[in-house]
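Labels run A, B and C following the written order; every chain starts at residue 1.
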Amino acid sequence: MNEQLFSHFYFYGDLLGTAVFAVSGALAAAEKRMDILAFCLFGVLTAIGGGTARDLILNRDAVFWVADDIHLHIALASAVMTYFFAHSLSSISKPLVWMDAVGLSIFCVQGSAVALTLGASPTVAVVMGMMTATFGSIIRDTILDRPAVLLGPEIYVSAALVGSTTYVIMAEYDAINTLALLTGTAAAFTLRAAAIIFGLQLPKFKGISGYKRGR
Amino acid sequence: MNEQLFSHFYFYGDLLGTAVFAVSGALAAAEKRMDILAFCLFGVLTAIGGGTARDLILNRDAVFWVADDIHLHIALASAVMTYFFAHSLSSISKPLVWMDAVGLSIFCVQGSAVALTLGASPTVAVVMGMMTATFGSIIRDTILDRPAVLLGPEIYVSAALVGSTTYVIMAEYDAINTLALLTGTAAAFTLRAAAIIFGLQLPKFKGISGYKRGR
Amino acid sequence: MNEQLFSHFYFYGDLLGTAVFAVSGALAAAEKRMDILAFCLFGVLTAIGGGTARDLILNRDAVFWVADDIHLHIALASAVMTYFFAHSLSSISKPLVWMDAVGLSIFCVQGSAVALTLGASPTVAVVMGMMTATFGSIIRDTILDRPAVLLGPEIYVSAALVGSTTYVIMAEYDAINTLALLTGTAAAFTLRAAAIIFGLQLPKFKGISGYKRGR
């Protein structure tokens, strides 16, 4: 793929991911029948929460949406549109799941790329990739007092792990960056797609009875 | 209003807001019959949580209460006093609501002012103002596992939005800073006061049934 | 105690604390019968969450586990081992409580030491010490939607308070650093040990009925 075409693809994929994550955050507010400001709050939190945590922990010069507020505008616009058009959204819930998979796949690889650029170790870069893709949703569900969807049975966080790990390994072995980004994104998307189609799950902890609750 | 008088008013209003927010945080611990340390934890979290999140995201040189710990001392003192005098506080719950409205009005405008000073865009500055005024309470309610009061029906976050937006617009059009601060504060306070007196609410999302839970 | 011996003791005590905190985090995931990634998430969050919040608020050049990822590796390894050996862990829940007390005692003093080194005021340093020792567990319980264990009746946060305060007072009066660290750690450990053995509790707020919920 041509380098410039790729960077366009990546740029728009990133914005698409932001929009879809914001819609999913706003839909969580819809479930609780909140007002439009809550739609915005949870839309923004879900869309940019993960990248914000990443940038803070990596001590980046500026959090990405403070440096350039296009992501903030997209997240806000998506949340507002969700408020007015949520009825129609219900009929496109299937496409939304797939757009979300695109967002997930791009966010995890991108998070790891940012981390490596800032000099983080491979392990830290993988963790940052997963955090970028998943932290916003986890915070949203925590504030809304519902069980974290991402920690549910279906494979989601694992797809981020696979995408980030693939990218970081390739980058460590000096693969061309475009190729590493593309392969990592494809790996995450493939696993997530398989999970959506076949309902893949990781094995749960079988459990033990009788140990005391930890501290 | 005389410039120096104003900055005194603002300084003490800020401290008053800190104290009242800390009392409201400690009262949440009182509801759950916790010990004095939990009073301090939730008092401090509510009073300085919003400003802390703002300073971290804006990458400020030092978080405000690390640079000068007067806010921390006031929050701790307020929480401890709440522990010992909560019985009397119940009889002043009405004045507390109004002092809280003062705190809200000052915090949102101040948060936006800090953001603009640090070079943030107008949209980011408005978000930072709202975050300064509301984030501490949201975290407190999340940790205490109770529905976020601020996300309830009554207008609260909206007042912060109006205050921040008013200030940011005036600042963008080069209004005298004192005037912009004062107008923003007054706008937020007026809306919040109307909400308290008349029980104003934003319309809730009417709801749809049947869409699947988002990711 | 010989200076070099001491720093070894401190270094390994710190890693032991990290491992035990990670085990306690992973056990929380075990209770909810989650998958191995959730074990890792909650193990890491519990073990390094407090120190991360401290480093962010103090605006440290690099968060400790980004600068050197040994803590991250230990936390991940502990979480994975918990997944496979949680059955056996149930039979060592008693030793775990004591190792956790060691971790608590070292983390609180260490957190305050980091804060003073970075120029924080005594009050801020005490708060940072308590945060280092307790914040990870509080976030874990919040995300898992269970009542925060640390805010339960038994003395835990208080032990961190006593340890941090002892250290900070001695450091302010120019005590030899090794001695201050050791005394603070011993103070925290003694109080926590007494709490474990005798079930010590702080008095709860007796409660009032009839005040309105705060904002």
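Worth pointing out:
We adopt the following convention: a residue touches a chain if its C-beta (ideal position, glycine included) is under 8 Å from a C-beta of that chain, and two chains touch if they have at least 3 such contacts.
The model shown is predicted, which means the values in this text are computed figures rather than measured ones.
In terms of inter-chain touching, the protein chains here all touch one another pairwise.
Homomeric contact chain B/chain C is classed as different-residue, with under half of its interface positions used by both copies. Chain centres here are Cα means. That of chain B falls 29 Å from that of chain C.
Residues of chain C in contact with two or more other chains: 56, 142, 145.
Interface residues of chain B, counted against chain C in their complex, comprise 23-25, 27-31, 33-39, 41, 44, 52, 56, 61-63, 65-66, 69, 72-73, 76, 83, 86-87, 89-90, 93, 96-97, 100, 137, 142-143, 145, 149-150, 156. Across the interface of their complex, chain B is touched by residues 56-59, 120-121, 123-124, 127, 138, 142, 145, 147-148, 151, 153, 157-158, 161, 201-208, 210-215 of chain C.
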